[in-house]
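Below, chain A partners chain B and then partners chain C, in two separate complexes.
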Partner chain A sequence: MNRTAAVVGVPWRRPPLITNPWLRRGLFIGVPLYLFVAFGTLEINWARVAAGMPRALEFLGALASPDFVSRGDQIIDGVLESLTMTVVATFLGFLLSVPIALGAARNLAPAPVYLFCRAIIAISRSFQEIIIAILLVAMLGFGPLAGVATLAFASIGFIAKLAAEEIEAMDPRPLEAIRATGGSWLQRVHWAVQPQVLPRVAGITLYRLDINFRESAIIGIVGAGGIGATLNTAFDRYEFDTAAAILLVIIVIVLAAEYASGWLRGRLR
Partner chain B sequence: MLRLEGLGKRYPGGQTAALSDIDLEVGPGDIVALIGPSGAGKSTLIRCINRLVEPTSGRVLLGDQELTGLGARQLRQARRRIGMVFQEFALVDRLSVMENLLSGRLGYVGFWRSTLRRFPQSDIDMAFQLLERVGLAGYADRRADALSGGQRQRVGIARALMQAPDLLLVDEPTASLDPRTARQIMRLIDELCRERGLPAIINLHDVPLARQFCPRVVGLAAGRVVYDGPSRDLDAAVLTRIYGGEDWEKMAGAESPASPGARPS
Partner chain C sequence: MPVRQQGERLIWQRRDRRGALLHWAWMFGFAVVLLASWQVISERTLWDFVLDAPAQGADLVSRMFPPDFAYLNALWRPLWDTINMATLGTLIALVLAVPLAFLAARNTTPRFPLVRPLALLIIVTSRSINSLIWALLLVLILGPGVLAGVIAIALRSVGFIGKLLYEAIEEIDRRPVEAITATGATAAQLRVYGVVPQVMPAFAGISVYRWDINIREATILGLVGAGGLGLELMASVNTLAWGRVATLFLLILGTVLISEWISAKLRAAVT
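Our next item is the complex of A and B:
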């Protein structure tokens, strides 16, 4: 009886997320203050926004009446070039990713190899495609070769990283079992790792395929070939109706790729 | 056949040794149950034998070959002589039953041959015979994940025997099985080992199963062997030495240890 009486009437409050009261109050005041000041530095030029409005409307209007015909050949060429770049780059990226993913999986690779492969992935991931494209266009010249190289390199960071994570998260027991039979490293990879991760890695690669198509539309703007180059030309000539047509084509292809890769991934089990 | 001399294992950063000073001898045809509380080092001990876990001291001798100190290539060749059966079966789920069996031959077959599934006919014959022997005839092309627990463990056992091993290591073969299936699996292991005169070390956490199927029991506590003797001598005092104090008499009464030889043989 006495024991229960002792805990009656003890107040309870949820402990604060940040225990240090000074830090807590500082953050409560500091963060809104910083946001306020930050918005103040934006210097929004309303006059310029107003001047741009008619052009925006013109462009939106063009979206309603896209012109597929007058530059039809260039659109088709651009789309085909983009698709070719996408497929070739994804395939190359996948081939390069396989060894890097194996090396970047802590449960397969010794520490030096692991660090080396993770470094390659980090480098590939740290640059946005446009930056890589600018560099490679400077190195390889204008055109789809630079685009393919860009997308292949960017694919490594994506496919290898996700595949390596998949390998690290796999069930270790089959790997141990194959090790116990006296299988070599390559046999372990082929018999224990590959069956476990292949469906996911195929899904990741298909996902990268449709990312690469979207990226191929962007890197064309900096001269790396594909539909992006066609789009850029259309904007430069103020041919908004052609640009609108190109945008619609890109949307349709991305949607188709999305559905197709989703369907394929669903079938890989 | 197998001799462990002063075997010890200390995991990096571990406060205490996982295994210390293990001396153990397993003769031809010996079927040994390894029992002990969770964390006593049972799994570590059998993995030290084929060096899936690297022992930090002592020697492992299989026949007249010392396994400790072998280079990577020789170790792989030595591992072929040691079949292993796992607790959660450790099958490769997306491969077929046949492929899982054939994976037991990987140590004998080159990479390309195994990748192209061009195994020697003798291996394929052996696989079909083993499938029939473990009661899975007709299951060769099923995917491993389509099988029930007991069937999966039969595949695991057949895979280990595909190695034509000189020693069988069995890690908690029944831990994920119901009591009846567990007994069927233990009986199968027992029969297969007897047919081949194959010595086996079987990790078990189920004392009645050890009593029923294994003539010899090794008790492990805190990384040391605290009992090594016939399973019929497992009494309350010995169980207390292995597991610590508990009301052993009551459990022993339920399992009628008075007649451990009741196994049909």
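Our next item is the complex of A and C:
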């Protein structure tokens, strides 16, 4: 009653986005203050920015007329290297993820194994590919092998985590049925877990294949092979037309991989 | 159910003949691709160097410990730059992505040919190129520094935010929009009162999520000259100052974990 009385005759106003008035006012003052301070410390060298404008135009021109030919061999070589790195690394990542995912599933593994496997996943997820690549390049030397190792390691965190979640969410009844027949742990995994989980894990792996290709295009910047190295060289030489060609190739492959992996995942379901 | 006959008995099988053949054909094809790929990589690897990797790794670890904590004092300014790159980049991306998402969503795009495909093209291009590659390009154009990093982050985030936001717009409940149409509202009023309130929670969630990813990415943009912690990382790696590298890794890890925590809290608050 009281609420109706309070509203009658008062023009409607839009409810505020943030209901807490103190938070709302705080943001109202805090955000401009932060922006002011942040922009103040940007230290933009406007002369350098102005000097770079012709280069921006040059790059836009290069995008309109990319040069696939004069460094064609290197582009093909880089793309080939990226694709092979992606395939091998995803496969290795999958192989390594299987035991870790089984160990990281609460319904299959005892507590110490569970914690150990979850720790591996957490480490793999918290560092970015390029940071792992720096370390592995220092260990394994320049070249695609360091890239493969990087992507495989990064894939563990992704595939094993999602696969472990699938295992934890599966139907427990087949597991019990196999246990009732006297099946060993391996038999339980093979006949109860694998048929339920494998299609989804295959989907997750395909998704990771797609991500690994994207990442393979950048870890070359720190020497881990792939198209990123070619791109970095092209930029270093100010060969914008070649760089534009490489960027277009990357965009096309990324889109193709995204659609292909989406299509395959759709069929797996 | 596929079965196999053995004398008098029928034995259960997982696949029938055709299924089994198809299965093995797929496996064989995959093995060929895998081995061919491995061949390419193996040819380009100096195996002598790899055999030495355990020793190199042990050496690296021994050089990283103890981390050089005195170096932390030189890192607060790069850390501030990193946070700024991520935050300002996200804000710029938001300003650009909102109109883009409205142009790309099937139910709010203006009835004008080519607008929607063009908006989708911008979103796709921005999404396919990693922010590190954008930074590589922008450092050449704008010169090394934080500005290149801010814009690289913004260019990459526009596609991400735009895509998720236009999908959220396409999934809204049509009824409030129809109700507001029935009151005779203009197109702009329709969007402000019908669409925006429905996508606001999704919008806030997406922005915070992207901010979190951007903090992560901003820590490494300096590798190509775009300022922040990455610049210090590159300098330390190039001078083989592994104690400093270890300090940087710890700082980056801490920053990433804190931003992830903030983002998770904020997302839980809006949804």
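Here is the rule we use: the second predicted complex is superposed on the first by the 215 of 269 C-alpha atoms of A that agree within 3 Å, B and C clash if a C-alpha of one lies under 4 Å from a C-alpha of the other, contacts with A are read in each partner's own complex, and residues count from 1 in each chain.
Keep this in mind: contacts are C-beta pairs under 8 Å (C-beta built on N, C-alpha and C of every residue); 3 or more make two chains touch, one makes a residue touch a chain.
Note that the structure is a prediction, hence the values are computed from the model and not measured.
In the superposition on chain A, contact is made by A:P174 with chain B only, not with chain C. Touch criterion met: A:L247 reaches chain C, while chain B stays clear of it.
When the two complexes are overlaid, the chain among chain B and chain C that reaches more residues of chain A is C.
When the two structures are aligned on the shared chain, A:V98 is found in touch with neither chain B nor chain C. In the superposed pair of complexes, A:A192 makes contact with chain B only, with no contact to chain C. By the touch criterion defined above, A:G183 lies against chain B but remains apart from chain C after alignment on the C-alpha atoms of chain A. Legend: residue contacts after superposition of the two complexes on their common chain; A:R48 is shown touching chain C, with no touch to chain B.
Look at A:V113: by the touch rule set out above, it reaches neither chain B nor chain C.
When the shared chain is aligned, chain C comes close enough to touch A:N232, but chain B does not.
Residues common to the contacts of chain A with chain B and with chain C across the two structures: none. Only residues 14, 17, 34-35, 38-39, 41-45, 48-49, 51-53, 55-56, 59, 80-81, 83-85, 87-88, 91, 126-128, 130-131, 134-135, 138-141, 143-145, 148, 214-215, 217-218, 221-222, 225, 228, 231-232, 235, 238, 243, 247, 250-251, 254-255 of chain A touch chain C when the two sit together in their complex. Contact residues of chain B toward chain A in the complex are 50, 52, 76-80, 82-84, 86, 88-95, 99, 103-108, 111, 114-115, 156, 159, 163, 169. Touching chain B in their complex are the following residues of chain A: 173-174, 176-184, 186-187, 190-192, 195-196, 198-199. The touching residues of chain C, counted against chain A in their complex, run 33-34, 36-38, 40-41, 44-46, 49-50, 53, 56-57, 60, 80-81, 84, 87-88, 91, 124-125, 128-130, 132-133, 136-137, 140-143, 145-147, 150, 193, 200, 216-217, 219-220, 223-224, 233, 237, 245, 249, 252-253, 256-257.
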